[in-house]
Amino acid sequence: MPWYQLDDPNDPKLDELARQYNLHPLHLEDARSPDESVKVDSSTSYTFAVFKPVSLKPDPDAPSEFLPTFTPIDIFAGKDFLITISDPTCPATREALQRARRDGDDEHPGRLVYLILDTIVDLYFPAIDHFDDRIDDLEDKVFDNPSPEILQSIFAIKRELIDLRRVLVNTRDASLHLQRDPNTIIDADHQPYVRDTYDHIARLLDSVETQRDLLNNTLDIYLSSVANRTNEVMKVLTVLGTIAIPALAISGIYGMNLKGLPFQDSPYGAEWVGGMTILSTILLLYLLRKLKWL
Amino acid sequence: MPWYQLDDPNDPKLDELARQYNLHPLHLEDARSPDESVKVDSSTSYTFAVFKPVSLKPDPDAPSEFLPTFTPIDIFAGKDFLITISDPTCPATREALQRARRDGDDEHPGRLVYLILDTIVDLYFPAIDHFDDRIDDLEDKVFDNPSPEILQSIFAIKRELIDLRRVLVNTRDASLHLQRDPNTIIDADHQPYVRDTYDHIARLLDSVETQRDLLNNTLDIYLSSVANRTNEVMKVLTVLGTIAIPALAISGIYGMNLKGLPFQDSPYGAEWVGGMTILSTILLLYLLRKLKWL
Amino acid sequence: MPWYQLDDPNDPKLDELARQYNLHPLHLEDARSPDESVKVDSSTSYTFAVFKPVSLKPDPDAPSEFLPTFTPIDIFAGKDFLITISDPTCPATREALQRARRDGDDEHPGRLVYLILDTIVDLYFPAIDHFDDRIDDLEDKVFDNPSPEILQSIFAIKRELIDLRRVLVNTRDASLHLQRDPNTIIDADHQPYVRDTYDHIARLLDSVETQRDLLNNTLDIYLSSVANRTNEVMKVLTVLGTIAIPALAISGIYGMNLKGLPFQDSPYGAEWVGGMTILSTILLLYLLRKLKWL
Amino acid sequence: MPWYQLDDPNDPKLDELARQYNLHPLHLEDARSPDESVKVDSSTSYTFAVFKPVSLKPDPDAPSEFLPTFTPIDIFAGKDFLITISDPTCPATREALQRARRDGDDEHPGRLVYLILDTIVDLYFPAIDHFDDRIDDLEDKVFDNPSPEILQSIFAIKRELIDLRRVLVNTRDASLHLQRDPNTIIDADHQPYVRDTYDHIARLLDSVETQRDLLNNTLDIYLSSVANRTNEVMKVLTVLGTIAIPALAISGIYGMNLKGLPFQDSPYGAEWVGGMTILSTILLLYLLRKLKWL
Amino acid sequence: MPWYQLDDPNDPKLDELARQYNLHPLHLEDARSPDESVKVDSSTSYTFAVFKPVSLKPDPDAPSEFLPTFTPIDIFAGKDFLITISDPTCPATREALQRARRDGDDEHPGRLVYLILDTIVDLYFPAIDHFDDRIDDLEDKVFDNPSPEILQSIFAIKRELIDLRRVLVNTRDASLHLQRDPNTIIDADHQPYVRDTYDHIARLLDSVETQRDLLNNTLDIYLSSVANRTNEVMKVLTVLGTIAIPALAISGIYGMNLKGLPFQDSPYGAEWVGGMTILSTILLLYLLRKLKWL
């Protein structure tokens, strides 16, 4: 059984194969569209599948961070031919194709499709773990120091999870299609395996949902920490104000050019007035605490 | 097969055609209603469809911005006639009709309906891209400078997305109707094409959902940035208060008309007291930082 | 065919009719309950329907505002009789009954029920438009001046929309019942008309959902505007504090009864010190802006 | 037909009846569990039902308030026997059993079950009305005076609504079970009555949903009122600060021990400087208002 | 019937059993995966089940607190063999296996599976009660003293509830599978028991939902309490500012080196000015309260 691997959907070789194997023009159009989405479409003569393996690439803005990136792979799997179109520089696709070549055999194109799908799904797990680590890290940091950088990270991960979730939901639907479609290329022997892959995707989606919940928690923690800190800062301001007011008021009084102020002419004036100031400050602080205002 | 194109649903020609082809009065009423909504309704003799192509028109308030606007097109497609009613000034409708005229043929009214629908759906993509650009732009701005104008833009886009989503949901239901209805005008050959269009609409709706999520993120960023800034401003106020208090208190003390203040009569009084003030300010700042209040 | 119109469900005439036409006691109980809800219930011998037409009545608290009010109408429609019970002072019910009398005929009680339902549904549109106007109005106001009155209006409309939505959902279910029930009084000819009414209700519910979204937007705008304003006021306070501090500190210093202060005995002391104060104020403002604290 | 009424599920008489009528051990276990939940379970020989009537008991913390409390009633209804287990001190259960004894008859255990369920459902309405009154009351208070007590009441009612909703949802499912189950004890004649009760429960649940919406509104009003008040208090602080600053600055200047201040030696110095102070305060307030900062 | 109990899925004995009883490689892989999830998978020859009993272990960070921990148990139940794989140190698993050994019998592997599942489900109730206690405790504390520690506890419980909910949902699906699957190992006699267990899980999930609602309430209370306190602190600051301003302004005025101030040379100057100060302070406070600013 021939297996054609093309590196680029715009390769004219694809048009030739399309004529030879009678590929549907809508499928060619999909394969060549820059924003194709994950899907499986089965006709009587062949199955057309698009998957989006994930790989972690260093973030250009922060080289110590990794960004999940999706590189599409297109598969045309007929009874007696297999065409795969994928960027050969993507490590996830490379691994999927290698495993299919090693463990599959020519007589079962359905098995090859399963092996590729299964490898792709297995490679989502490290991406999910990567998110887990980053969210744990954010949760640890957010209580100690709710900085705007954490906020930016929360929203960046939210955005990436939105993308990942979309790919996973479509992959789940595609794997369901491989189980249910009467024209499916997967034979009865391999149906339990595809079902198992489906369960894995369901578990991945479960994890993504949990991570969204955790991120929302982290955001709530951030916001309540900021509210808390504003409250703390206000209290400091109030305590400082309270400490300052008697001193300012009393020193203002004795700074007046008036006659008849007590202790004005006493040689221990400074001591008397100083004591009075300290006493009234303590009294005021005590009063505020008593009234539960501080 | 005759194809009647009317520019205005109130054209009396439509009543004539209604009599000739036995059009249902409820359909006429729909076509003439100012706020008709997207739908497909199939009877045994013909299919009535309303679509709402989108076009980007410059915003009268901000000429550099574009607003998505919807102009309805009504289609009555029988086995042996086609009536289209559309505003000829709308570029999207014009393009849809031109493509139908160029690529369709008279024998297949179903194909004509498909071509019009497909063009209309394809033209939603630039509108979605336009929103993508605007949201990206807002996200970039909101971290640097959370101004009320950004807030206004967020809510304006939210409002437009609500409208767009409504049109897309109805278009999706309409295209499903074209696939499922036993009276549908779409023949078996063209069913895969309509299914493909359905997939495109589903992807568009997916994008709209993602954009709503992203807008909510942007709003959260805005609100948390404002909370952050209030917090920052409070801290500045507290630092300023802290710096000022010892100076005010000490200068207040030495401004009192009392006897017995230390250094009062020393020729280096100013230096002593100045030093004391600076020292106590530093001490207070250090204390606040130590207590993690700042 | 006799048509009995009663103004009050407690009219003893109703008991008489109940005996004559064998009306179910639960239906009588419903008709007489003060808080009956919209429903359709079909038995083999007749159909019992409750609808709630809306009319806009002036708000007693704000005579320029209109409040949607619901007045129930009960219908018992058998093959050969029609009983309607409604408050004759309600303009919506009056209009519905007049149209049924004008356009209906005695042979088709199903047509009469349809005509009443259709008129009632049509009269929801002005109520929805009324809400649209009020929400637009609130949106315009909330950006310029987020006052507590706007907040009160938002919550008042929210409350009214909750009521309206409940009535519409029940009316939609009732109209579905008229289409699906095997005992339905609506004959095949009139089914497309009831389906059309169902579509209208679906569109009304769509509008209510949109209005709820828009109201939530308005509430978010309100809250973020208030947060913004607090932030602005804080900044003003900080600017004022910043302007005041050098003046207070320096005048405090020169108010001390100490010896050795610079310029103390210079004849141009006031000018020197004034200049120094202004300079340090400008410097402090410049510093704060440089550190992006203001 | 014997009707056994037990006051306590732990009565040994129940074990005797269980042997006699062959009751399932799981049902006995349920009846004796302290936190049994509402349900209906039909076997071929009898129907086991648990309902939870509500009664309003004075709140021990606030005797003028009433708290809804649920007291379970267990029913074993066979073709030729009825066992009810209920706390005789609960007024709602007492009323339900009295009505069943008065209006039911021995030949129809299904009718007895219906009568008990219907009375229990009718008695939920006053509880709902009670919540309506309390929420209206809170709404009136929250605009005038958003105190923490109102917050506590909002959350207390939320908690009670969560409980009530859970009981109602289970009761709705139980009444659906009485309609649908092939082993149901309700005969065809009484099915419309059970359906009517089902409608009542649906309406009750509707009301609970509405009340949750209204409570969330009230909470939003509370929070926005607090935000508003903080904003107001900030403004007062700013106005006070603005009024004080010129007075403080100018009096500070003239308190300096410097030579060369204008009006220093003029006999009308106080008047000149006083006038200057008032003028600059007015100017500052005018400037702030002009810049829309206040 | 042999019952093999393995303490570790990596025991080579398992491979031997797999060969003997023809276990599916995917099931072995699941049993050995470190993050297997709850499931039931029935083949024609045996049923594979994974459950996750909960046990409360002391929190290493706070020894007085207990953390729910999940220890998986794997079950292979054929017609004539039972293999269980579980960590023998987990008390919940131990209890489940003991009860199965005591109450089950060798002829019914389905009964053994039921007994294990039922014990596991019963042991979730104390965990739920534990959460109930902690949430009640938090609710009591949050009104009196909304500290960041409470916030941390709220989010910690939220996180644990997310985990617990996931396990419960999967267990519910697994128990449904045991009822519905045509290959199920549960015979007709034990179906009511599994259904009863299913009801228990549904009630547990209900409780988890309620607890999530209550936690969200507690979070709302926390946030509104913090907002309230900020508001209170602001008011204290404003009252202090109000009290201080007249004293500062008047003492500033009389501190000026000017001529012509009233009472400047009066022997009762201090008394006059002091009285004036107190009077204007009272007047200002009265004015603010009159204007409802405080």
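In this document, chain identifiers A, B, C, D and E correspond to the written order of the chains, with residue numbering beginning at 1 in each.
One rule holds in what follows: contacts are C-beta pairs under 8 Å (C-beta built on N, C-alpha and C of every residue); 3 or more make two chains touch, one makes a residue touch a chain.
Just so it is clear, the model here is predicted, and its values are computed rather than measured.
Chemist: Hey, how far apart are chain B and chain E in touch steps, shortest way?
Modeler: Between chain B and chain E, the shortest chain-hopping route counts 2.
Chemist: Show me the overlap between the contact partners of chain C and those of chain D.
Modeler: Shared contacts of chain C and chain D: no chain.
Chemist: Rounded to the nearest 5 degrees, how far is chain A rotated relative to chain E when their C-alpha atoms are superposed?
Modeler: For the C-alpha superposition of chain A onto chain E, the angle is 70 degrees.
Chemist: Distance from the CA centroid of chain B to that of chain D, rounded to the nearest Å?
Modeler: Spacing between the chain centres: roughly 37 Å.
Chemist: Whole-Å distance, chain D centre to chain E centre, using C-alpha means?
Modeler: 23
Chemist: Which parts of chain A, given as residue numbers and ranges, touch two or more other chains?
Modeler: Residues 227, 230, 234, 237, 241, 248, 252, 255-257, 261.
Chemist: If each chain is a dot and touching chains are joined, what shape do you get: line, ring, star, complete or other?
Modeler: ring
Chemist: Circling the ring from chain B via chain C, which chains come up in turn?
Modeler: In ring order, starting at chain B and going to chain C first, we get B, C, D, E, A.
Chemist: Spell out the part of chain A that touches chain E in their complex, as residue ranges.
Modeler: Against chain E, the touching part of chain A is residues 143, 192-193, 196, 199, 203, 206, 210, 213-214, 217, 220-221, 224-225, 227-228, 230-231, 234-235, 237-238, 241-242, 245, 248-249, 252-253, 255-262, 288, 293-294.
Chemist: Along chain A, where are the residues that touch chain B in the complex?
Modeler: 24, 26, 37, 39, 148, 151-152, 155, 158-159, 162, 166, 219, 222-223, 226-227, 229-230, 232-234, 236-237, 240-241, 243-244, 247-248, 251-252, 254-257, 261, 263-271, 273-274
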